[in-house]
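Heads up, there are several structures right after this.
Two complexes, one shared chain (subunit A), two partners (subunit B, subunit C).
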Partner chain A sequence: MARKGSTANRRHPMATVALIAIGLLFTGGGYALFSSTATAETSTASQTTIDEGKKLFAANCASCHGLDLQGTGEGPSLLGVGAASVDFQVGTGRMPMAMQGPQAMEKAPQFTAEDTEALAAYVASLSPGPAVPDDSLLDAEGDATNGAELFRINCAMCHNVAGAGGALTEGKFAPALTGVAAVHIYEAMVTGPQNMPVFNDKNLSPEDKRDVITYLKYLEKNPSPGGYELGSLGPVAEGLFVWIFGLGAIVALTVWLTAKSN
Partner chain B sequence: MSTVTTPETAPAPAAAPTRPSAPRSTSSRFTEAAANYIDERTSISGVVKEFGRKIFPDHWSFMLGEVALYSFVVILLTGTFLTFFFQASMAEVVYNGSYVPLKGVEMSTAMSSTLNISFDVRGGLLIRQIHHWAALTFIAAIGIHMLRIYFTGAFRKPRELNWVIGFILFILALAEGFTGYSLPDDLLSGNGLRIIDGLIKGLPVVGTWISFLLFGGEFPGTDIVGRLYSLHILLLPAILAVMLALHLVFVVVHKHTQWSGPGQTKDNVVGSPILPMFAAKAGGFFFIVFGVIALMGTFFTINPIWNYGPYDPSPVSAGTQPDWYIGFADGALRLMPPGLEFELWDRTWSFNIIIPVLILGGFIVAVLVYPFIEAWITGDKREHHLLDRPRNAPTRTAIGVAGVLFYAALWGAASSDIIATHFQLSIEGVIHVNQALLILGPIIGYLVTKRVCLALQKKDREIALHGFESGRIVRLPGGEYIEVHQPVDEYERWKLIDYNDYQPLMIRPNARGQITAVQRFRAGLSRWFFEDRIAPVSPKELESGSGHH
Partner chain C sequence: MAHDDLSGKDITAVSSADVSHETAAPGTAVVPSETFENPGFPAHRPRVTDTDPKAEKKAERQVYTFFYLSIVGSIFAIASYMAFPIEDGDTGALRLHTMMLGIGIVLALFGLGLGAVHWSKSLMANHEGIDQRHAVRGSEETRARAVEIFKEANEESGFGRRTLVRNTLLGALVAFPLPAVVLFRGWGPQDENPVELLEHTMWEKGARLTLDPSGLPIKASDVTLGSAFHVIPEGLNESEHRLEEKAKASVLLMRLDPAKLKESPERAGWSYDGIVAYSKICTHVGCPVALYEQQTHHLLCPCHQSTFDVTEECKVIFGPAKRALPQLPIAVDGEGYLIAQSDFHEPVGPSFWERSSS
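The block that comes next holds the complex of A and B.
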């Protein structure tokens, strides 16, 4: 019986559990590794860049965001915002802010590209977050039709169908998208700066984002076939134009026609 | 320029006068033969004689109605071209035309055919844009024409009915504009229709029924574009054309109004006869108006439906507005304060829609019947063929300005979001300011305008009596300095002193010796109109006044 018992217990009672645990560890870990590859790119940044970024951060950002990115009463925590967020906010001049307001205003960038990169590398080194997108997603050579449709459904209610921008509540607004670099459009979609919602990769896949950029760049590259766009603002601009210039010209002509010769 | 004064009843010279001396060229002989041929078969000479001798006075503001007429002609011409290619169907198709970002997208036939007009029909986009710009110009021209009529008092007897016809034309033009805006079935037009659907559904009891009737079921359905198309190209233009003809017939019947001036009285019209002078000028002016509209259509994009994409009830673009002429209605909805809603007896009672609709309806009716109200208040039953300078009717002008400001506040509110983004304001602030302006604007505008008018009248009076300040200072032998005033010449002075003077009505008992409440009310209104007034200079004052300085 004892022998029989020993055969029966050739495997340790915990073996099944251990096997499952190992299996889970491999699949889960593999999945985690695989799915985090997109955000792991910044780890390639060299330690010197990160150190450089740390110094810049302490000098320019820490007064509001805290020395450890933990945030203060003046500014939010930057833990987990990722390199993409830093590159967007600093690269478009929104950060550092000139003043508190309904939202950070775009202005001339305050840092060089290298400094921006260093800041981004530093912030990304402390906690993972969305990375600066790969150039292959920014070539604006995707499907403009799909991009146009996605843009109308997801973006146009704030940014206007032609990307001319629009008003939000309490002085906030969705800015115009003409002239915005492809990388910044992409980063805005992944990080949701200011009052913008985040469009993560499950919502709009990287390919979809590339299509949206393609459409916006299409609009930029192809001026309206109908002539000057009047700011693409829609009927308000058209109405103002017809009253001021159209009717203005016609009334001036009536005055000219009925003027008495001197 | 030939200026002709005719009493309209002047006997015309006998027909076919012969020119004894001039040798006849072949062409004139042909013209005569042709004219004779036509006249013998149509008796048209009577009409030409009567109509061709009609006089039209010359003033730039008298040409604004013409602008509306000519833009309507442009709309008819371009619209006819568009009907060749537009398909008013909401059947789903897959777009396969030239515009790349919409290729392969499912849309209605209406949208797809509009895109084809824009990108695949030769000259289609140009004609579409001319049509749309002409429509905006048409309604804007009606607007300023109407303002001209109002502020010069050209709506007074005998022209009250023509004011009403003109106002109906304005409403028809709005309807034409809105139905046209809704036809392409793009995102913008669909959103516009959705707002109309909401307006209709906001009407108590009948709203939902009317909405289902109009859209053939639940919004948006598959019927609405076809129905609006029938209205847009058939019913509305037909009514509009008939009303327009009637409007013009009345202009001929009443004769055109004119400004007061030397030799220009209520019994004559001074200006150019229709044939040949006025007809030639008007013909040229038509092409000028057409030209301006064509230039706008050539160089400026209007309604880029390719950006808006096909209608889908879920997306609404930022900056979604109606065309300018419906803006006042959109603005009324935006200005409505929230929270006018409660639940009672198992259902929701919402006043958010019905209140603006009633206010707009009241405003429209007030404009429509204004001539009758003013006639009743003044009690003036005379015919008026001479125009008022706006300052000489201070209360009317002030009411007009108040109305314009009321409209402007509603109109401006429709672009509250654009104002907010472009001037970096908060949209709530813009709305609140517009709400205040809607109430305060007309009141302040009324008071200021009335005072300005009275001040201008005073100034006129001063000039009529004492002349202009010449700037020449003279020292008299006694040491006194005076500025020499230069008297205005008689022609100029006539314009300053010739206007109607009204006095507040006295309350008088009626035949039964009673003073009714209505009469009291009327006398009150009359006081409001004419209590503050500057009387025109009388001949007596003129005689004694001109001796001064």
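The block that comes next holds the complex of A and C.
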């Protein structure tokens, strides 16, 4: 999709407004193709919000990402990442990072919802990218069966079939997906934060993404039929439990069986 | 001392003096002279239940309480089977059903077991006894008789004399397992060379790369930077052996910055504008490798942590795998869809006996 914005005129206020309008038209049009209920996904960010976001960005983000979002040695360029990426990274507390490490950790958000929105509007105003998804895609009322199949094919290898997360290389990990807000799950798929690959709308359509969210929310709402999950971590956790408590009980019973009654 | 311990009456309390090594039982082999003195049993110690009638009563109460508990458990299991039915589509109901049934059955079995063990330990007769071990070797008499029986049987049946009967019997026994060999062979590929099947996949020149599971073709422009697509060959879903073909032909499609790809001259043209396709089947033991990290370009196998570097033609950088993941040469057709240039240039997946390339 043609989403490359002209960056030459980015300081001209009218150009940014025009770019937002074009970006909204494109993404909104894209959604309308897939979902009849989809409307233009974000309320038009006002110029004051963008200005507010610019100030916040300069104070909190620019030291790593550069004043013009061009990136520095410390952080990647944010041109073209879109509002969705900002909302995910800042909304889950991953950004601003507490420290450099294998990956940015989730923590309590540093910004209010309003400030996050302003930052997102500012970043999106400079070059178009994926927008924050429409609420109709986040209702978790899609097809959980289809979502489960897509999840097993595209996500389960890293995030575990029950969404319990898992280890990657060199200290990185795929986080657990339980308790993650639907909007953040959607934004992660569309933007591919950190080492997660991008799942654009041609790979998983917005409806597919809604189904994946439906599956994850179904898992959250319904208890495991097999009893206590032990974190859904599979053979390691289950094996440890059996070794300690199962064998422990057998040893204790054997000692009791063979001890002489007093 | 009698050696037959099956009658029960021989199990008697003996004093420790009776079991010195001079009276060692037959079958206990050589007794070296420097062996230490058999210390015999420790002194007999009566239990509380032997001396205190109150403790005995208490133990009795405990034992029958265990048995009562077992009965309660059985009834509880029956009751909970009816009280907590499995409701269609409700995993919570299923979980409750299994748990309550389990509690009842555990109570029933544990009550029985605990009661029985406690009974035998605290109330049954308290005295030490010895059962002598049987000699392993039979007496000369018994052995001679056994040989005699074999000879008699041979004569009476004519096993040694009627050679044709004997040989046909042996032949029949040899032939009997042969159908199993044929039956098991029938499970394998028919009229096809299994080596051939392992060396080739569904990919062929011009086959479109399609999305797993929908089978929709993929345009090169759909694969944005940082994307990972799980890919099956065109027509796989309609294939007669869908799963067998999928197990060989699964592909992971990724788009990297073309500047980051290090391609050898013989593979020039196998990728398209930074889009590369690699077999998803690990060369170690065949797990699906798909844990792709879009920044480091590591591809990790979840089974044994083999790690492949996508920028360097998926060579192994960690773990037990020995070979790089096979690359699928791709191109773009006239309509912009991604197609395969050919099949993989080497067999996918783990090594096998007849694998042509090492």
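In this section, the second predicted complex is superposed on the first by the 208 of 262 C-alpha atoms of A that agree within 3 Å, B and C clash if a C-alpha of one lies under 4 Å from a C-alpha of the other, contacts with A are read in each partner's own complex, and residues count from 1 in each chain.
Simple rule for what comes next: a residue touches a chain if its C-beta (ideal position, glycine included) is under 8 Å from a C-beta of that chain, and two chains touch if they have at least 3 such contacts.
Bear in mind that the values here come from a model prediction, so they are computed numbers and not experimental data.
Clashing of subunit B with subunit C is the outcome of superposition onto subunit A. After overlaying the two complexes on the shared chain, residue contacts for A:Ile250 are found with subunit B alone; subunit C is out of touch.
Of the two partner chains placed by the overlay, subunit B and subunit C both lie in contact with A:Pro225. In the superposed model, A:Glu149 makes contact with both subunit B and subunit C.
Once the two complexes are overlaid on the shared chain, A:Ala164 sits against subunit B while remaining clear of subunit C.
Shared-chain residue A:Gln194: touches subunit C; no touch with subunit B. Once the two complexes are overlaid on the shared chain, A:Phe111 sits clear of subunit B and of subunit C alike.
Residue by residue along subunit A, subunit B and subunit C are tallied for touches, and B comes out ahead.
Once the complexes are superposed on chain A, the part of subunit C occupying the same space as subunit B corresponds, among 6-14, 78-86, 204-212 or 222-230, to 6-14.
According to the touch criterion, the shared surface of subunit A, contacted by subunit B in one complex and subunit C in the other, consists of residues 149, 153, 157-158, 166, 168-170, 174, 224-227, 257, 260-261.
Across the complex, subunit A meets subunit C through its residues 1, 149-150, 153-154, 157-158, 166, 168-170, 172, 174, 192, 194-200, 202-203, 222-227, 256-257, 260-262. On subunit A, the positions that touch subunit B within their shared complex are 102, 144-145, 147-149, 152-153, 156-162, 164-171, 173-174, 215, 218-219, 224-230, 232-243, 245-247, 249-251, 253-255, 257-258, 260-261.
Those residues of subunit C that touch subunit A in the shared complex are 45, 47-49, 91-92, 94-95, 98-99, 117, 121-122, 211-213, 218-219, 221-230, 254, 288, 290-296, 298, 300, 302, 305, 307, 318.
Per the touch definition, subunit B reaches subunit A in the complex via residues 1, 58-64, 67, 100-105, 118-119, 125, 129, 133, 136-137, 140-141, 144, 187-188, 281, 284-285, 288-289, 292-293, 296, 298-304, 306-309, 312, 314-325, 327, 414-418, 420-421, 424-429.
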